[in-house]
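Structures incoming, each one as structure tokens.
Both complexes below contain chain A, partnered by chain B and then by chain C.
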Partner chain A sequence: MLIDRQEVMRMARLARLELSDREIDQYQKDLTSFLSSGQKLQQVDVSAVEGTSHAVAMTHELRKDAVGESLPQAEILSAAPEAMDGFFKVPRIVEEQE
Partner chain B sequence: MRRLAHLLETRQISSTEVVEHYLAEISKQEPVLNAFITVDAEGALAQAKASDRRRREGQALSPWDGIPIAVKDNISTKGLKTTCASRFLANYVPLFDAEVVSRLKDVGLSIIGKTNLDEFAMGSSTEYSAYGVTCNPHDHERVSGGSSGGSAAAVAAGEVPWSLGTDTGGSIRQPASFCGVVGLKPTYGWVSRYGVVALAPSLDHVGPLARTVEDAALLFSLIAGPDPKDATSSDAREFSIPDWDESFVKGLKIGVPEEFFGEGISPEVEGAVRDCLNALEGWGAELVPISLATNEYAIDTYLTLVTAEASSSLARYDGVRYGVRIPAEDSNTMFARSRSAGFGAEVKRRIMLGTYVLSARQYGAYYEQAQKVRTLIRQDVLEAFKQVDVIITPTTPSTAFRIGAKQSPLEMYLSDLFTAMANLCGIPALNVPCGRDSRGLPLGMQIMGGHFQEELLFRVARLVENHVGVEGEVFSDKL
Partner chain C sequence: MTSYDTVIGLEIHVALMTESKFLCSCKTTFGAPPNSQCCPVCLGLPGTLPLINEKAVEYATKAGLALNCQIHFFSRFDRKNYFYPDLPKAFQITQDAFPLCTDGFLEYYMDEQLVRTAITRIHLEEEAGKLIHSGPTIVDSEYSLVDYNRAGIPLIEIVTAPDIHTPRQARLFLEQLRLLMNYIGVSDTKMEEGSLRCDANISLKPAGSSVLGTKVEIKNLNSFRALEKALEYEERRQSKLLDRGEAIRQESRTWDERAGRTITMRSKGDAPDYRIFPEPDLPPLNLDPAWVSLIKVSVPELPLERLKRLEEEYGLSRYEATFLVNYRDFGDLFFELAEIGLEHKSIVNFLMGDYARLAREHGHMAAKRLAELLQLQAEGRISQNQAKAVLEELFSCRLSAREIVEKKGLEVVGDPAALQPVVAEVLDGNRELAARYKNGETKLLGFFVGQVMRATQGKADPETVSQLLRDELAD
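Take a look at the complex of A and B:
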């Protein structure tokens, strides 16, 4: 295997995914087969070129930094699983001082 | 669509009757087909009534006012559930319309429903939808293709006259080919992606699916144009439907890339495409054998980039602002549990691959390398367009496959073998039906052009359509 279980678990942690043992085995296999099929990309000589991040050549224009319309806060919060006092509510991140 | 518009304009038919006709087709066929995730019968009828009122008062918004349309369920519709075929967004109702949806509403189209797709548009068969597979209207044991399988099947089955899809590696053209409809992936940047749920922003496109070339061109004209809300659309312009004059074909140079024919291609697919090429040659076009050798790298390049971009695009699904939340003591566990509960296997697989190719140790070997190979592919294609006006290939190596036939992810990824190149290069590419195989399954031909050459693609496709014919005229009793 090109990738070991530890590496798969590290990726899952980085991607914020909680995987079962079965899933870890599966993705270890899938990553390995994907990377071996992708080996031929490594052989391509790319020394003469820069990477492409946009397929169509375009120049980004700066727009005016103007205040536009936006949705009301209450509407946006209505879609949230939990909200409180005009905020999205999440589990505690910062511990209270003793 | 011109005929339907004429019927509406002369009041031989009302928008309510049109919408009722399609809703009846939907009720009849959906139990088997499963092309829709959400059908908004009430909303569509209300919009139809409003349209009829406008027509009575001489206030029609456009000739197309009152015609219904279906929209792929990864395109935001205000007040109408947009699930991306994911459990994560099972109850997500957008607060705003995607730019393309606003444009359709501005000319009076009514949104009849949201069509099925592979979860977050990751797939080539709709088998990765959390809401079940969409069957192929021509053979219910086969897939409709994907990821815009619902949009293609709904049009092919006559559940709706036209639809919108999205295409990141072939997701409009491959299902269009499998279902026998016209589908266009436009030039990158010509159609706004504002409000379209991102899979891979450097490869994502929105485009039309329709029964005829003219309808596809018309729908494209309704959605194309610049949008200040999408920074990549800054160079886009408006599009007008061509006049369909056929004299352009004399001397038209058609590139025929050897890598897209021969080994690995179904002989029936190749035969049908060659037959159309010969017809075009007969009308005065010149067939130019060319080579697109870099297509050998297209799938691996595409997969590296699409998984990398997807892992980043899907980071937003964290259970904080919308979607699924599985409660936990700390935030990181809450994120991980929510994501793991909400995402299907293919989405997790792509996030894992993408995270790997973007990780610090692998970035240079995979992601950066793929971006550079993308440059070589782009150079190869743009070089070809110095010699030829359009490039014609089969859209897919074979016709629609059986549900459950592709067992491994890699096998599934190869469905995009002929289509991913156009996404990597941002060039327009279109599927036009070119006949049926011996089982009665549709065959599709892909026409690619240089950036912003959509008009030429539609013109060539129209000739092919004249050659092979169009099936299934609706309201023919009234025409």
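Take a look at the complex of A and C:
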């Protein structure tokens, strides 16, 4: 088994997803199946192929250092669950110290 | 008590002074109303595409060149994923596997010794937003406020090798690094505004051992003093633990300025798993070697080079040269005045003295304007005290030094023929005292000199006056 329940739960936590027990089981099966398919690719001989980081070979494009338009503050904050004095307001970040 | 060797490495974030952000065209102005300099790109809204600011690449390259790094024509961006409220996209675009610069060093003086700290790498990345915590520290804050104006400003992260040996050396290194960044003009490096930030890694090992101990990372070092104090504290804390045979836990700690100690930071959830992968939205950088050569030419004289030049070519002491290096504007003014032909030591004495005090208050003065004053003093036309008075006037009016001297009638009168009548007059008015002087009360000379000085409103040259008086009274 490539992916166990523990691993699914860890990924769900990292992605901030709340999964039910049934969903965990389902994802465990699905992800294992994905990775099994992926394993087939491992059998291909790629020793003669150069490594790549991008699917399309492109060279960089740079822009000049020029200032453009920003969004109005009200619009920026319109998607915030909570705002205060022009800031986004977020809950406690770090747990109590020992 | 065992004795330990301290091993320190620093990670320094330097905000680059571009007009617009790294990957979008929002302004980078400090102090704007919160969340007023953001756009869909730096807010990480879906469907947006970043585009690299050329100036940011130029500045990062310039920093790498000034730090003697190898510049990699090929470098690549990566996506570093983590959840934190200051990171709107929930990932940071950075350079992981292929950084822009590697293998450099910075040389600087520690006391009389020239020391070198190796720079492992410098890479480009984007800044996160700014968090304001509701409590005095992050650990006792019920909520935090987020401003994304800063999110997406270009940063370079400079990573040193773990070859710094004392908290004081760490501080000296950071001070010199900051000066260097100012010299090359890529950052304003204001620690209080967060455009220069430092994290430190520190571990202890038994003296002489080649095996590194477990390292602890200290974050939130917002000043040179905080860096030194936090490292000193951590040295003591770790050596006590090791003395008791306890293990050091690998962790991140934060510096609590008020309590004067470091405290454990524990974030919710797992240890970080950044799931770093090549950034799909940005193609790799392929720099033109000719472009890099142009940047190399634009690197100005660096602090250590200037220090050497001031000592070797201008004969200044380490103390004087250091002043002119640390205060680059004063150094520039020194060179201009020296160019005019004034004597080096007297320029530096003047700049470090009254001029420094007044210039800090009013700003600098044009070299030509100052040179005239220094010339008058060098020629003996005005005394040191008079020069000081003229300098104050120079800062507050538009007249030249020569004009001020004339207007105030400040010039020293050293011509015996001009002073002779005044001397005669003073002696004539004090015949009784003159007689006592002739009878051996020679200490009265000071009184006569004072009288002549008063009669000439302080313009007379005291040396000449004394001589004239002695001659007269000897008759």
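Going forward, the second predicted complex is superposed on the first by the 86 of 98 C-alpha atoms of A that agree within 3 Å, B and C clash if a C-alpha of one lies under 4 Å from a C-alpha of the other, contacts with A are read in each partner's own complex, and residues count from 1 in each chain.
Throughout what follows, a residue touches a chain if its C-beta (ideal position, glycine included) is under 8 Å from a C-beta of that chain, and two chains touch if they have at least 3 such contacts.
If you're wondering where the values come from, they're calculated on a predicted model, not measured in any experiment.
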item	value
Which of chain B and chain C A:R92 touches, first, second, both or neither	both
Which of chain B and chain C A:M84 touches, first, second, both or neither	second
First (chain B), second (chain C), both or neither touched by A:L41	first
Chain B versus chain C as contact partner of A:Y27, first or second or both or neither	first
Touching partner for A:G51 - first (chain B), second (chain C), both, neither	first
First, second, both or neither for A:V67, with chain B first and chain C second	second
Touched partner set for A:R16, first chain B, second chain C, both or neither	both
Residue contacts on chain A - larger count, chain B or chain C	B
Which superposed partner A:I76 touches (first chain B, second chain C, both, neither)	both
Footprint overlap on chain A, where chain B in one structure and chain C in the other make contact	14, 16, 53-54, 58-61, 63, 71, 76, 88, 90-93
Interface residues, chain B side, partner chain A - complex	92-93, 95-96, 187-189, 202-203, 228, 231-232, 234-235, 296-297, 300-301, 303-304, 311, 315, 318-325, 327-337, 339-340, 343, 345, 348-349, 351-353, 355-356, 359, 365-366, 368-376, 378-379, 408-410, 423-427, 451
Complex contacts: residues of chain A adjacent to chain C	10, 13-14, 16, 53-54, 58-73, 76-77, 84-98
Chain A partner contacts - residues on chain C that touch it in the complex	18-20, 24-27, 33-40, 43, 51-57, 76, 81, 83-85, 131-133, 138-148, 263-270, 273, 275, 278, 280, 282-286
In the complex with chain B, residue positions of chain A that touch it	3, 7-8, 11-12, 14-19, 23, 26-27, 30-31, 33-35, 37-38, 40-42, 44, 46, 49-56, 58-61, 63, 71, 75-76, 79-82, 88, 90-93
